[in-house]
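In the two assemblies presented below, chain A is common to both, partnered first by chain B and then by chain C.
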Partner chain A sequence: MTSRPAQIATIAGKEIHYALRTHVLSLLTGFLILAAMVSLTVSSIALHAEYLTYVQSRDLLLSLGKSINDLVPPAFFPLKLLRGFVEHVEIIGAVLGIVLGYRAAAVERGHSTLMLIMTRPLGRTAFLAGKLAGNMVLIVAGLAATFALGALALFVISGVGLGAADLLRIAIVFAAAILYVGSFFLLGFILALGFARLPTALLVAFAVWLTLVLIAPQIGDTMDPDNQVAGGVFRKLGIAKPEEKEILKSFATYETIRDDIEQASPAKHFERFSFAVLGIKDIYNGQPLADVILDRLADLWWLLGIFAGLVLYLFARPLNIARLSKEQ
Partner chain B sequence: MDPAIGIDRLSKRYGSLAALDNLTLEIDRSEIFGFLGHNGAGKTTTINILTTLLAPTSGSASICGCDVVADSMKARQHIGYVPENVRLYDSMTARDNLLFFARLSGVREPSQRIGEVLAILDCPELATKRVGDMSKGQRQRIGLAQAILHRPDVLFLDEPTSGLDPLGIKTLRDLIVKLNRTLGMTIFMNTHLISEVSKTCTSIGVLNHGRLAYRDTIAGVLARFGDDQTLEELYLSLTPAAAA
Partner chain C sequence: MLSAMFAARIGWRDRTVVLLAALFFAMVLVSAYLGWSATATVNAIYAKAVPVFQAQGKPVPANPVGEMPPLSLLRNMVTYVALLGALAALVLGHQVVASDRKAGVLPLVFSRPASRIGLALGKIGALVLAVVAVLLGAGLVNVLTMLLLPGLALDGTIWLGMIEFYGVAALYMLAFGLLGAICATAFASESMALLTPVTIWLALTFIVPQVTANIGPMAALNPQSVNLEVPGGSFFAVTSALLGPLSIAESYRFLSASILEVTSGAGTTITAGGAMLSLVFANLALAGALIVAIARLDACRSGYRD
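And now, the complex of A and B:
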């Protein structure tokens, strides 16, 4: 009889082999990389436009013989260009996770191989662990390619070399992305193992994706009083942060509801954490990394909690004989 | 020596529906047992319990003396299984599919064993072919190959000739007999094809609404009733649902 680690490695190896054979991973990752590159390019064009406006204003003032002391040059933080990149990982990365998770179960059910595997001297836990391990390797590889190309493109587009501190921040967001995409893999896998009809499982998975990744964060953003005016209503009115907090105390219930809607979305936790670590959110820009992580620790716990909760559920739930093949 | 398959007062209920009702059956080693019955008679439920996929509501079953519930991991070492319409991983070659199942089953020197098994099944040329490009008959052979890689004592086949053309049926039938005669494998075959049973099996059981309605050797059946036609009539008389 084969040892359990060897069985897990066999299942994981087959997952990787099969995914590479069917090109599903390369197609999805390619799409994610393409979208991320487009967003980086658009961000850099916007930055260049901002810079050109500054240069034109400066030249105009100088030609008029006026002082340029009051003209603030645009701040340049290369990691801020990753805003669209993070948003694409948030949306397309979740789709990648769901598709991999759905496939991991649907292929076995559709080909009657799940029944065959379950009649081998192999525990359910080893089977699930192998599936999880193999697909997490695929997710890590896909995200690693995306983040590596993102960092490279950032360097090429911005023309500014990234320091070790910048790379560390990108690496931390990469780790958070693994948890985030991994959670959606688990969602797709659990649903495809549990539903009688595979198309229903896929439909439910995408309904959850739509709700958690697109609708909930959008509702939260729309309900945010500070988002009602471009640039922030409090900022436009010249209201300082302490006063802003004081004002918001009057809307405590409203804010709680709004925040709860956002908290329900793993996408929002990933976004909040990533925007803080990369300094995309202004209040975290230039802050020491440790302070930023401490401040956004709750988001990290949420991401970890969702991933761990889904893993626990996957292993605790017995496999239903009626869901071992597509026909039953 | 323990029988290849021992079933003792086995029942399986789904709510108020009794899929299996107090089934008791013993199948000796090296038999080819044909399990007949109408659709919904409980044949697949029986195979699912014997292959450890499903737990019975009551009663017990064992494979070569290993209880399928209490000692399921050991029981699994004794069995090979080919479900109905097995497809395997269609983007992978037959060899890659077989390597996967050989490793899962702990087969030593899997590459060499795959060569041996494909030779036994007269299809070494299929090794490098993608399963997705194979005919149904070829896929069925590779399905059979994965089931015997680890030299099981008992082979379970669920409607093995379903969807095959006449030549495919004959080829598979010959292979089943070959596996039984040359490797001494006990074969438990679910089917509702009388012709298949009379040409392949050494004994039969007829299941009707979860109950064993008849059990005899093929030699006994033929001695008692004569030819295939009579066997069919016997089957229909024992399973009124099928006759209807």
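And now, the complex of A and C:
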């Protein structure tokens, strides 16, 4: 009888081998890379267009003999170009995780190999750990390719060499992305192991994805008191910042509910953490990395907590092999 | 007609379709709440601001609620149709064809003296029925919301605007339903038949608007994004000219945001006529493609590989 680590490694190896043979993984990873590259390219073209507009305005003012003091030149921070890149990881990365999780369970159920595997001297824990390990390797590899190509493209497009500090920031976001996509893998896997019908499991996973990744942040954004009127209600009424803060104190409960809706979204935690680390959010731009991480530690804890909670649930939940072996 | 009724019944018997439709209805209710919340919040802010103006001796401006067009209360529907509506239609379209393929009834159906074009038209009819039924339900919720909200001046133009919005939403959802049906017909693997249209939906919703107008993936969810200024330069001029007519997500967002009066019309190169043409043409092309796909389906190998 082989040792448990060897069993886990065998299951993980089989998982990787099988995933590489199908088109699903390559299609989604390729799509994520394509989306990320498109986003980076378009962001840099937009910045270049903004710069050209500035140069034209400056030259026009100078030719007219006017001052250019009021003209603000566009600021250039290479890592800020990663905004769309992060958002694509947020949306498409989660889909990649769900599909991998669904496939990990569906492949055994669809081919009726689950019962066969369980007739071998293999524990339920080793089986699940092997599945988890194999798919986490696939997720790490897919995200590593995306982030490495992203960093390379950023260097090529911006023409500015990325320093060690920049690469460290990208590496930290990469680590957060592993937790985030890993959580969606676990969601897809748990649902596909739990539902009697596989298509229902996939659709429920997509419904959860829609709700947590796209709808919850959108509701939170819509409920922002200042977003209720085009251009902002306070600007529309001509209310100064100090008075605005004073008025908003009466909306403390409302703001708490709004924030709670946003907090329910792992995507929002990943986004807030990544935007802070990369300096995309202006208040964190140029701040020391340690200070930024300390300030956004709660988001990191949320991502870790969701991932760890789902891992615990996966192993704690009983697996009804006989029921799952009957594909419906 | 029989084929359409039969396919529609199969689609509705599927729990996944019902689940997505239920989620869509839940979001219609959320949208109604958010519409009410927008009015209530602005009213509350205005009530708090009036004493501040009076204490400062400044003239009290008009309540911005009065300037909010009544239909703009439904602005969240633009997003929910683009997300849940399109995805529900996609699954419905998939189900309308896939149920026959999985049940193995197609060889029998094709052996009957009925044309394949008739079968394809029946499937399209079923999709139209289902999409219209979902949107009628959603529209009813919106009508009740508008009637219950106090202080709204409701006239014929408001109701006409609602009908126009739901007409545009139906065209958009139908396009994804047809796409789901085409992939369910053309692919040998069911997982690829589901995953491919979802990937196309993701690309149309989140990637193409970025290429044509520099609208980021998350900003693309906001109906106000049609007001964003497109950066200058030849790149966006070329991409919007080439990809614009294919970008049905942008056409839908522009038309619906215009109808609901949440756009100023600034920052866009799309015209209402062009956007409508793009949606209608997409539906006609996809319907044609579905007819061809069903006509070419090999009856002997009509089951899925997985």
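Throughout what follows, the second predicted complex is superposed on the first by the 298 of 328 C-alpha atoms of A that agree within 3 Å, B and C clash if a C-alpha of one lies under 4 Å from a C-alpha of the other, contacts with A are read in each partner's own complex, and residues count from 1 in each chain.
Criterion: a contact is a pair of C-beta atoms (placed from the backbone, for glycine too) under 8 Å apart; a residue touches a chain by one contact, two chains touch by 3 or more.
Here the structure is a predicted model, which is why all the values come from computation and not from measurement.
**Q** Could you tell me whether chain B and chain C fit or clash when both sit on chain A in the superposition?
**A** fit
**Q** For the overlaid complexes, name the partner, chain B or chain C, with more touching residues on chain A.
**A** Residues of chain A touched, chain B against chain C: more for C.
**Q** If we overlay the two complexes on their shared chain A, which of chain B and chain C does A:Arg21 touch? Say first, second, both or neither.
**A** Only chain B; A:Arg21 stays clear of chain C.
**Q** Which of the two partners, first being chain B and second being chain C, lies in contact with A:Ile117: first, second, both, or neither?
**A** Touch partner of A:Ile117: chain B, not chain C.
**Q** From the CA centre of chain A, what is the angle out to the CA centres of chain B and chain C, nearest 10°?
**A** With chain A as the vertex, the angle is 90 degrees.
**Q** Using the touch definition from the top, say if A:Thr10 reaches chain B (first), chain C (second), both or neither.
**A** A:Thr10: touches chain B, not chain C.
**Q** Can A:Ser44 be said to touch chain B (first), chain C (second), both, or neither?
**A** neither
**Q** In the superposition described above, what is the shortest C-alpha distance between chain B and chain C in Å? Please give a whole number.
**A** Across the overlay, chain B reaches chain C at a minimum of 9 Å between C-alpha atoms.
**Q** Residues on chain A in contact with chain B in one complex and with chain C in the other?
**A** Shared contact residues on chain A (touching chain B in one complex, chain C in the other): 110.
**Q** Would you mind writing out the residues of chain A in touch with chain C in their complex?
**A** Per the touch definition, chain A meets chain C at residues 23-24, 27-28, 31, 34-35, 38-39, 42-43, 45-46, 48-50, 52-53, 83-84, 87-88, 90-92, 95, 99, 103, 106, 110, 197, 199-200, 202-204, 206-207, 210-211, 214-215, 217-219, 221-223, 225, 228-230, 233-234, 236-239, 243, 246-247, 250-251, 254, 271.
**Q** Hey, which residues of chain A end up touching chain B in the complex?
**A** Residues 1-2, 6-7, 10-11, 14, 17-18, 21-22, 107, 110-113, 115-123, 321, 324-325, 327.
**Q** How about chain B: which of its residues touch chain A in the complex?
**A** So the residues of chain B touching chain A come out as 48, 51-54, 73-74, 76-77, 79, 81, 83-92, 96, 100-101, 103-106, 146-147.
**Q** Which chain C residues qualify as touching chain A in the complex?
**A** Result: residues 15-16, 19-20, 23, 27, 30, 34, 37-38, 41-42, 44-46, 48-49, 52, 61, 64, 67-68, 76, 79-80, 83-84, 87, 91, 191-192, 194-196, 198-199, 202-203, 206-207, 210-211, 214, 216-218, 221-222, 224, 227, 231-233, 235-236, 262, 264, 306 of chain C touch chain A.
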